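Two complexes are shown next, each including chain A; its partner changes from chain B in the first to chain C in the second.
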Partner chain A sequence: MIGVPVLKIENLRTYFYSSSKQAFSRAVDGVNLALEKGETLGIVGESGSGKSVTALSVMGLVTAEPGVITGNIGLKTDGVQKNLLQDIEDYVKITNENGRTVEVSKDNPGWQRHIDRVLRGVRGKEISMIFQNPKLSMNPFSSVGKQIKEAIMLNTSINNAQEARERTLYWLEQVKIDSPRLRYDNNPYGLSGGMCQRAMIAMALSSEPSVLIADEPTTGLDATIQSKIVSLLEELKSSVGVTTLLISHDIDVIKTLSDRVSVMYGGRVLESGPSKEILSAAHNDKHPYTAALLASIPTARQIKAKSYLQAIKGDVLDTINLPSGCLFYARCHQVTEQIKMQCKHQEPELREISSNHNVRCWRFFNA
Partner chain B sequence: MTDTILEVQNLKKHYNQNGGLFSAFKGKENVIPAVDDVSFYIKEKETMGLVGETGCGKTTIGRTLLKLIPATSGKIIFNGTDITHLSAAQFRPFRKKIQMIFQDLDAALNPKMRIKAILQEALTVHCRLSDAEIDHRISELLEMVNLKKSKLSNFPNELSGGEKRRVGIARTLAVGARFIVADEPTSALDVSIQAQVVNLLRDLQKELRLSYLFISHDLRVVELVSHKVAVMYLGQIVEMGLAGRIANAPRHPYTAVLWSSLVDKKSDESIKNEGNPNEGQWGVFDFERPNVGCRFAPRCPVYHAKNRPTICTDPATSPQLQKIDDAHQVRCHFPL
Partner chain C sequence: MKLASIKPITVLISRELAIAALLLLGISFLVFMVLFLSPGDPFSSLLKDQTASSAIGTAARSEIGGPAPWYYQYLAWLGNIMRGNFGTSIRTGLPVLREVIRTGINTLYLTLGSLLITLLIAVPIAVFSARRGFTATNWVLTMFTYVVSALPVFWLGYIVIYISMHRFGLFPLAFGSGAQTWSWVYFMLPVFVLGLSNGTMSEVVRHLREELSRVFSEEYICTARAKGASIWKHSFKEGFLIPITEIVATKIPFILGGAVVVEQVFNWPGMGRMAWQAAQDRDFPLILGITLMAALFVRLGSLIERAVHIIVNPRFAKE
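Up next, the complex of A and B:
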């Protein structure tokens, strides 16, 4: 599948200002991602690595200041190319000092109005999103069916209420909710967590979007229900063929569902490539962070031996005081004497080490 | 060395659901058996895992053990003393020994208190200590749970998930707990942080001779940390035994379904049609389904494979928890 990607994120930066620390928290700091038609791109990383903020930035849902400050988000649908962050420069003034951003002034209300204008017809229609907590994301006072119907009437060409209702039932059936006619009138609190998630997926798909963003669709669900949601998403992937950006910290879920994977850490992409290559323990050429993440999942052998888990030392990166060198340096255990100075003081670039497999690590450039 | 620290006998916790203002006229009271006839014991330095789907009563058991909610009937024996009917004042000395790590630490840690104050409160509420002693004890605790001293002046919302979890653990250790109910200690944590917390809990167990009731729905973690595992379904324990046995040679159909639903196992074995024909039947109590016979029967693959034998649904022959092996009990007429 070679062609212009459906969604292309270039150099996205989303900062937040912490008034108590008087500094910027660099939640997303120069992320590049490309999503091709029909594929599923997984984003993995610990909490605080900027996965969700990336998704929210795409949807224009970051309201905190200063929010999105630079970047390019290209969306290509039906031959029309659109930049979702069009004219962002007009609203943002960035002051740099020694290559680091020290001050950002942004006309936030103006930017909000502008982005709402740009995203009209995109949000919910071209790109729709499955949120982390289905129960909180739905209106508790309105029935599930009504909410999906509303989405259909807003975002598709159907504007006949009866037709929209039929369409809603069709989608409820697609996501395998049993007796959709009964569930249509249920309010979200009347559904179990798994069913609510299904309804949420139905709502997201009902507008037949070009891109679906699934933000942690399975966290907070039981193992039995989790596996059902995963197999549902797997089925929908082949039957509906929607392009998906899947965000999760559950590596098993990403492994099952995605074609390509990007590993995020501290607001940057540390590694990207085919998911089979990156997430299989057998493949050795990978970023130390990815390797450490994989190692911390309890394996069958560890469980049997009751041995200790290989935890990654230290805590998730503090995005306020970013280190000057490699972001993962402080927690990395694959630093050799040879590359130590480089790791500490100079940040590596994302470079290709084999076809379509990019890694941001000095280990691979010195050989 | 291996003394029983906690024993639970026929514990029941039934919630009454009143139908609102005019419920008295309805005549019928709905009772939800959240915990129904549960018995188990935990020895010193032992971890018992408790697994099951949402709404099966795992957390209710944990809360009843701490007497945060009163038990309907049954006995809870801690260290030889029956604590079921103790008054709040009589129970106070036991509070120090039995502690809980709460699931939602955003809710469990006071957002307006600094971490130091949170830990200090836990210490001073049970014993009088001088300031110097408190400082000493707090620094000891921090060392135990690997938390940086600089975090003491922070508020809970400034900490990451793993750090909050550690404050929660430190707080239970502050009073010198012997038995800890860990309610989903690793849910909502990343795998890397989860590994740290799991390792920490196991280290502490070795050092301080702690016993845990480890409530979780993450089966792999439970299997890793627990010595024995109890599987719950709709308020009842359906299978109990050594962790390795439960995971690798389950005898109850529900346990088998549960373990086969692990995402990675499934993709390995590529079982598309798992033994769960009734998708709509969730593991939550339902008034419309009569509470007779085997509670798992409507979802049970064995029940359907055997052409729905009446023994499974007949109230007179509802299955009992039976010993089928040394330290392995199953509640099923047709164990696998």
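Up next, the complex of A and C:
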């Protein structure tokens, strides 16, 4: 399995500057991720931790005018090998004065055109994406079948309409939509949310991408539908086996579907490693934030005992004014007197504590 | 499946036709009452400034119809309409229906042509600014459309006539007189004037820009982008087709109103000018005929709008 990763995100920074160009929000702040062929990498974290922006940055879908992306996103598949953020800085001019950013000017149309150019043949063809809100994510003015057919005709070698239609029906069957021939002509509003998400999954997979990005695929759905979508994704993982970047705030979803996991907080990765290790309550060596996240999920024992869930105290980071020390310091339960000063003033690095398991916490390197 | 997709349109058309029939009935009654109650009558305008004895006047009146109560006159007219007889113009004696159709075609040419001009200028500006955001260039372009839309039609018309005819002697003053080499340009002039200043241009720019940029930020456009499809193709129906038909349908009455002025200024043999003349003459049958035709145009506009809505998105049929 170990080789050159299909998708390698290095030092990704996506900042949103305010209109006064003074304050900015560091939505993603130096993220490194590597996605090996065939694996599912989960990204977990509270809302506002930069998970979705990471995904949108990869796809060049950060459309907000003040969004500025820097870093490297290396894509290496059978057909394509390129840096998706190549020369992207050329369209942004950042003026610094005494170490403070005082002016950001961005040629937004040029930036957008450049991204569209770089990502031509990547979007859909190499990387496809599933979004949060299935009903809003499908074109309400076109039938479900036509939209999938369009993806097939655009992104695969099939360019015969009849063949593409057959292929669409095949994919609708793969995602377990009942009577695909009837559903083919349905507009999205004629489908339930769960059905729409199945169709979205069919559309994303029908392009036969090298990488699938699933951005909160179960969030917009009812709890019962959620579990069905998760088991569908699980089945597809073994049958289709596409390399997946799975983003969710739902730890159970990540635990079920992903091989490795990265825990994000305040635009940074705080911990990454095998999901079995990181997301199991039994394993003790983990970042305090991950531990807190896990403690906030009800277990059968807790539900039986009617004991309260542990909320993580404090609020999610305000990414405009980041603290100088560890990002989680203010909310951390596990700060000891011994490491307190370090935690407060110096940010720890992401370091390996056991094989393939990296943690960004002072607790582990000061013993 | 196919039947279900055709059905809403049939329902729509039959309902629209019924509404149109009722509407025309109401309009004809209203216009008739206004005409009847307003001072003056066709015969006094017809015989004005003619040294006719009152005996001759009375004879003319009784020859054409004679004094009859208003309900009798209205019902008689309505009965004739039902049989397809729109009567004859009191002033010229020509059949109303044929006259209205003849001038109506000229007016249709003028209004549709001007609409085309409006759209040809406004649509690129709207699309450009929806795509590129608020830049200096499109601020200037947008201001241009606002200024042009605010120009009064009659003023622009006279300015254009003054410049083209009096300064450069390009065209004959009367419509269609003389086979001049530039006569086709003369046909274009009123179309241009009405196209620029019918007040529609700025609204097309504003409405289309807002709708298009709203649709661009919809989630399904993000999906289209993510699968490598054209965002223009996916935003066309909601962001382009619907707003355009909406604005055009709602603006048809205003454009017809503008056409009256333009036809007057340019001596254009259209329905508007004929309406103006007919109103001066108190030419009742002609006024009624023109009103019905104009109402039909307006109704047709909204029918097209509804039809586009339903074809584009069958869900609207249920609302």
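The rule is simple: the second predicted complex is superposed on the first by the 344 of 367 C-alpha atoms of A that agree within 3 Å, B and C clash if a C-alpha of one lies under 4 Å from a C-alpha of the other, contacts with A are read in each partner's own complex, and residues count from 1 in each chain.
One rule holds for everything that comes next: contacts are C-beta pairs under 8 Å (C-beta built on N, C-alpha and C of every residue); 3 or more make two chains touch, one makes a residue touch a chain.
What you are looking at is a predicted structure, and each value in this text was computed from that prediction instead of being measured.
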- chain A superposed: clash or fit between chain B and chain C? fit
- Classify the contacts of A:Met59 with the two partner chains as first (chain B alone), second (chain C alone), both, or neither. second
- Once both structures are overlaid, the C-alpha centre of chain A sees chain B and chain C separated by an angle, to the nearest 10 degrees, of 70
- Item | First (chain B), second (chain C), both or neither touched by A:Asn187 | second
- Task: Have a look and say if chain B or chain C is in touch with more residues of chain A.
- Result: B
- Message: Please give the least Cα distance, whole angstrom, that chain B and chain C reach in the superposed model.
- Response: 6
- Message: Let me check the overlay on chain A: which residues of chain A are in contact with chain B and also with chain C?
- Response: none
- Touching chain A in the complex, chain C uses residues 1, 131-133, 217-220, 222-229, 234, 237-238, 312-315
- Using the touch rule from the top, collect the residues of chain A that touch chain C in their complex. 59, 61, 63, 65, 108-109, 120-125, 128-129, 131, 133, 136-142, 150-151, 154-155, 185, 187, 189, 200, 203-204, 207
- Query: Which of the residues in chain A end up touching chain B in this complex?
  - Reply: 46-48, 176, 178-179, 192-195, 219-220, 222-228, 230-231, 249-253, 255-256, 292-293, 296-298, 302-304, 306, 308-312, 315-316
- Can you list the chain B residues touching chain A in their complex? 53-54, 160-163, 187-196, 198-199, 202, 217-221, 223-224, 244, 247, 257-258, 261-264, 266-267, 272, 274, 276, 279-280, 282-284
